[in-house]
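The following pair of complexes shares a single chain, chain A, combined with chain B in the former and chain C in the latter.
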Partner chain A sequence: MGEWINTILQGLLLGGLYSLFATGLALSFGIMRMINIAHGDFAILAAFAAIAVVEPLGLDPFVVLLLIVPLMAGFGYVLQRIILNRTLGQDILPPLLVTFGMSIIIQNLLLVAFSADTRSLSVGELGIASVPLGGDVAVGVFPLIVMAVAVAVLGGLQWLFSATPLGRAFRAASDDREVAQLMGIDNRHIYGVAMAIAMGIVAIAGVFLAIRANINPTEGPARLLYAFEAVIIGGLGSLWGTLAGGVILGVAQTIGGKLDPGWGILAGHLAFLAVLVVKPNGLFPRTRER
Partner chain B sequence: MNTAVIQRATRASRIGAIVGVLLVLAAISMPWWAERSSQRLAAEFLYTLALAQMWNLLAGYGGLLSVGQQAFIGLGGYSLVLFGLQAGINPFLIVPLAGLITGLIAVPTAAIVFRLRGAYFAVGTWVVAEVFRLLIANTTSLGGGSGTSITSTVIGIPAWWRESLTLWMALALGAGATLAVYLLLRSRHGLALTAVRDSEPAAESLGISVKRIKWFVYIASAVGCGMAGALIFITKLRIAPEAAFSIDWTATMFFVVVIGGIGTIEGPIVGTLVFFILRELLSDYGTWYMIILGSVAVAFMLWIPRGIWGLVGGRFDMHFFPVQRRLKLPEPQSNNKEE
Partner chain C sequence: MSILETRNLTAFYGDFQALYGIDFRLEEGETVAVIGSNGAGKSTFLRTLTGLNAAASDSVVLAGQPIGGLPAHRIVGLGLALVPEGRRLFPSLTVEENLLVGAYSGRKGPWSLERLYKLFPILAERRHNPGTALSGGQQQMVAIGRALMSNPQVLLCDELSLGLAPIVIRDIYAALPGIKAEGCSVVVVEQDVSQAMNVADRLYCFQEGRVSLEGRPDDLTREQISLAYFGV
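After this line comes the complex of A and B, so read on.
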């Protein structure tokens, strides 16, 4: 019994990581109405950038976040302004295809720079420390930190959206591009800022992933799929829904993996498809997709 | 009688038809005059063309941006394992059978992925492809995660016949897919399909069942990809889930169709040519080859979104596969005839 409680707790906390991946994707879905196929690859890119800094300098991965997150955010802003803004419009093919191309480019550039070997980041003792909850039930300290960060990020975004002029501009640009522009909002800049935030969050997700597990240059697409599933399960337009979606996905994967090691990821996908069949708009939909 | 006539052929299309027939005859006769390596290249060219036409039909005309066509390529390939390796059916007979199987599997798949729209649909199809990959990787009787050799299915077929049949089947798929899309677009349903491509609400308001036409295109494309998948793995003789359900298949289709010109029949042909030329030139560069392909695709989408054929065909008003109806009015007084 304790074993199963542990499994479910692990899945719940894994949901924190998935939520971090999903939040950035949900932002670009929600505000730019585009799907970034390279989303997972950007996370892996951030993780490898962190590895490249941590290994020679011997810095703590948490300190490196202070460097990587602004760097990726700046990169996101420039990318959106220079390339991605040009692809936005009625047709959904250009953003999809351009980010698909970027995904291939990033994966192969990482292969050139870091080879196909798996890598990870070490946080020393913290990585294996756990909190006993009585009996043989315990939770890892690091997964708890990840979950806390995920909740903090969502809380921060909630505040940003509801209480700041920037958040108002985000919502306006999301509701109606043209009218927002008429009201004096510079959509190109707003989209750039949104991408910067999305990229900053996914950089955190990438670094946390590399602390938690081994990563290799070609696993970005798998991360994109989990993020996408969390967004759809949670319901489009719902920030906290991504956390629920991430948790459901995480629990499904850990339970599946517990039954048979080959079934973990499959169980996650099947949970996603099941939600799609039963509730096509997700569990907590806030907006209707157009 | 002075009446307006509707012209459907163009001079380019008459020349194109003659060139097309000559090319098909040349390809059929290849086993008697060409080397084996060029036959293989021709077969690869033709099945790539078939895949590109299928994706073009789906995305360019049906507006269904699938990133998951590798699902049907993989399932087509695995038909060989099930029916060839285990049931002992001749692999070349399995090719049409694979089309039937993937078409049947596409029906429930469509029911699920059609709950998603646009870009969400795209990623949804990818998830479905992953589900099929993982299901097969977890089925030990189909070879499991490490895959299986399918060489024993072709043992007993003389080498000459094997190579020739592969080429002819590839020809049937490549030329057949091109012709099928062409005929479909010239038909009544083609008119509906182009209307759906241009504006879904407008098409719906004219009484077209957008849903039914999208469903039809999705199934048709699954059948085409399934048959191509079976043929592809007859040439490879070994199948593993990673290779069969690889996103690279869809990346190739994307690349070919976008470079050539999406939403045109000529586009995939031009794109396949460019793809093979680039591959011959750059394949020695390994990883950099993929980086260049990706960059070329991004550059095209940003600056030449209509692709090479969109640029050339539009510039010279050239149509080898004319699907539009042109009204030719008699001189001097005119009489309108509506189509």
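After this line comes the complex of A and C, so read on.
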């Protein structure tokens, strides 16, 4: 019994990591109506950037986050202003194609720079520390930290969106980009800021992934798939839905993996399909006709 | 002095030329109506003034400053606000948030939430409702209030009466004197000619993208307006 409780708890906490991956994707879709195919690759890029700093300097990965997150956010802003804004319009195809191209470029650049070897980040004892909850049940400290960060990120975004002029501008630009301009909102800048936030969050996700598991330069698309599934399970446009989606995906994967080590990923996909069958718009959809 | 002026303004609606050399002026404190049938170019005219359509730099002048070709988000900060046709409130924002987003440009002036709630008291009661959950008339009040929150020198109103009951239209237009009293000049685009003539100090009639008639409502005959409006 204790083993099963442990499995479900691990799945719940894994949902925190998936939610971090999914949040950036949900942001760029929710605000810009843009699907970023390179989202997972940006996470892996951030993770390798962290590895490149941590290994020679011997810094703590958490400290390196303070450098990587603003760096990726700035990169996101510039990328959106210079390239991605030009792809936005009535047609959804141009941003898909451009970000697909970026995905390939990032993977190949990472292969050139870091080879195809798997790498990871170490946080020492913290990576294996756990909190006993009685009986055989215990939870890992690092997964708890990841979940806490995910909840904090979502809470921060919730506050940003509901209580600040910038958040209102995000929502206005998402509702009607033309009328938003008539309010004095510069959509190009607002989209840049949204991408900066999305990139900052995905950088956290990428670094946490590299702490949790081994990564390689071509892992981005798999991460994108989980992020997609979490977003769609939660319901397009719903921030907290991404956490629910991540948790459902995480629990399904760990239960599947418990039944048979080869079934973990398959169980996640099956859970995703099951939710789609029952609730085609996800659990908490907030999409609107435009 | 003209607060808003266009000189030989031309504009396109897609590939189609919608405006041909429009000369227009709005004096400070004035209300000017633009009338015309469907497709006459009225809405394109307003879109061009606000920067949503391209225009030559000196073809639109606001308070002496050429604003043609500036992006829409900069023009609102200079004091030109539009109440768009069909209201187009932001559906994910509450009434109050819709009003607050109108102040995004940060332009200083007499309008605040409190002042707006005095002008349209019903909005204070509905402030936490989604903007799109209101009746058509109340939504129009929000759309006007949202534009006023940018503290404009010139308020452009596109088809305020569209889809509203006569009694509601009367209430909406009753707010205009209060708006003008705060130093705002007004351009009203209307298909409802009698409504336009009631509120306007001067009137322009558009036909196929050209000014077909201009004058004070009292000086114009029904025949002149019919001819200018329908071209027959």
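Operating definition for what follows: the second predicted complex is superposed on the first by the 287 of 290 C-alpha atoms of A that agree within 3 Å, B and C clash if a C-alpha of one lies under 4 Å from a C-alpha of the other, contacts with A are read in each partner's own complex, and residues count from 1 in each chain.
Note that in this section a residue touches a chain if its C-beta (ideal position, glycine included) is under 8 Å from a C-beta of that chain, and two chains touch if they have at least 3 such contacts.
On a predicted model such as this, the values are computed, not experimentally measured, just so you know.
If you put the two complexes together on chain A, you find that chain B and chain C both fit without a clash.
By the document's definition of touching, of the two partners only chain B reaches A:Leu224; chain C does not.
Once chain A of one complex is fitted onto chain A of the other, the partner contacts of A:Ile104 are limited to chain B, with no touch recorded for chain C. In the superposition on chain A, A:Val247 contacts neither chain B nor chain C. After overlaying the two complexes on the shared chain, residue contacts for A:Leu276 are found with chain B alone; chain C is out of touch.
Put chain B and chain C next to each other and count what each touches on chain A; the higher total goes to B. Contact with chain C, but none with chain B, is seen for A:Glu178 once the two complexes are overlaid on the shared chain.
Touch criterion not met for A:Ile31: it reaches neither chain B nor chain C. After the two structures are overlaid on chain A, the closest C-alpha atoms of chain B and chain C sit 16 Å apart. On chain A, the surface touched by chain B in one complex and the surface touched by chain C in the other have no residue in common. Of all the residues in chain C, the ones that touch chain A in their complex are 50-52, 71-74, 76-77, 81-82, 84, 88, 90-93, 97, 100-102, 104-107, 146-147, 150.
Chain A contributes residues 165, 168-169, 171-172, 174-176, 178-187, 286, 288 to its touches with chain C in the complex.
Put simply, chain A touches chain B in their complex at residues 29, 34-35, 37, 83, 86-87, 92-98, 100-105, 107-109, 111-112, 221, 224-225, 228-229, 232, 260, 262-263, 265-266, 269-270, 272-273, 276-277, 280, 289. The touching residues of chain B, when paired with chain A in their complex, are 59, 65, 67, 112, 115-120, 122-124, 126-128, 130-131, 134-135, 137-138, 145, 247, 251, 254, 258, 262, 287-288, 290-291, 293-295, 297-298, 301-302, 305.
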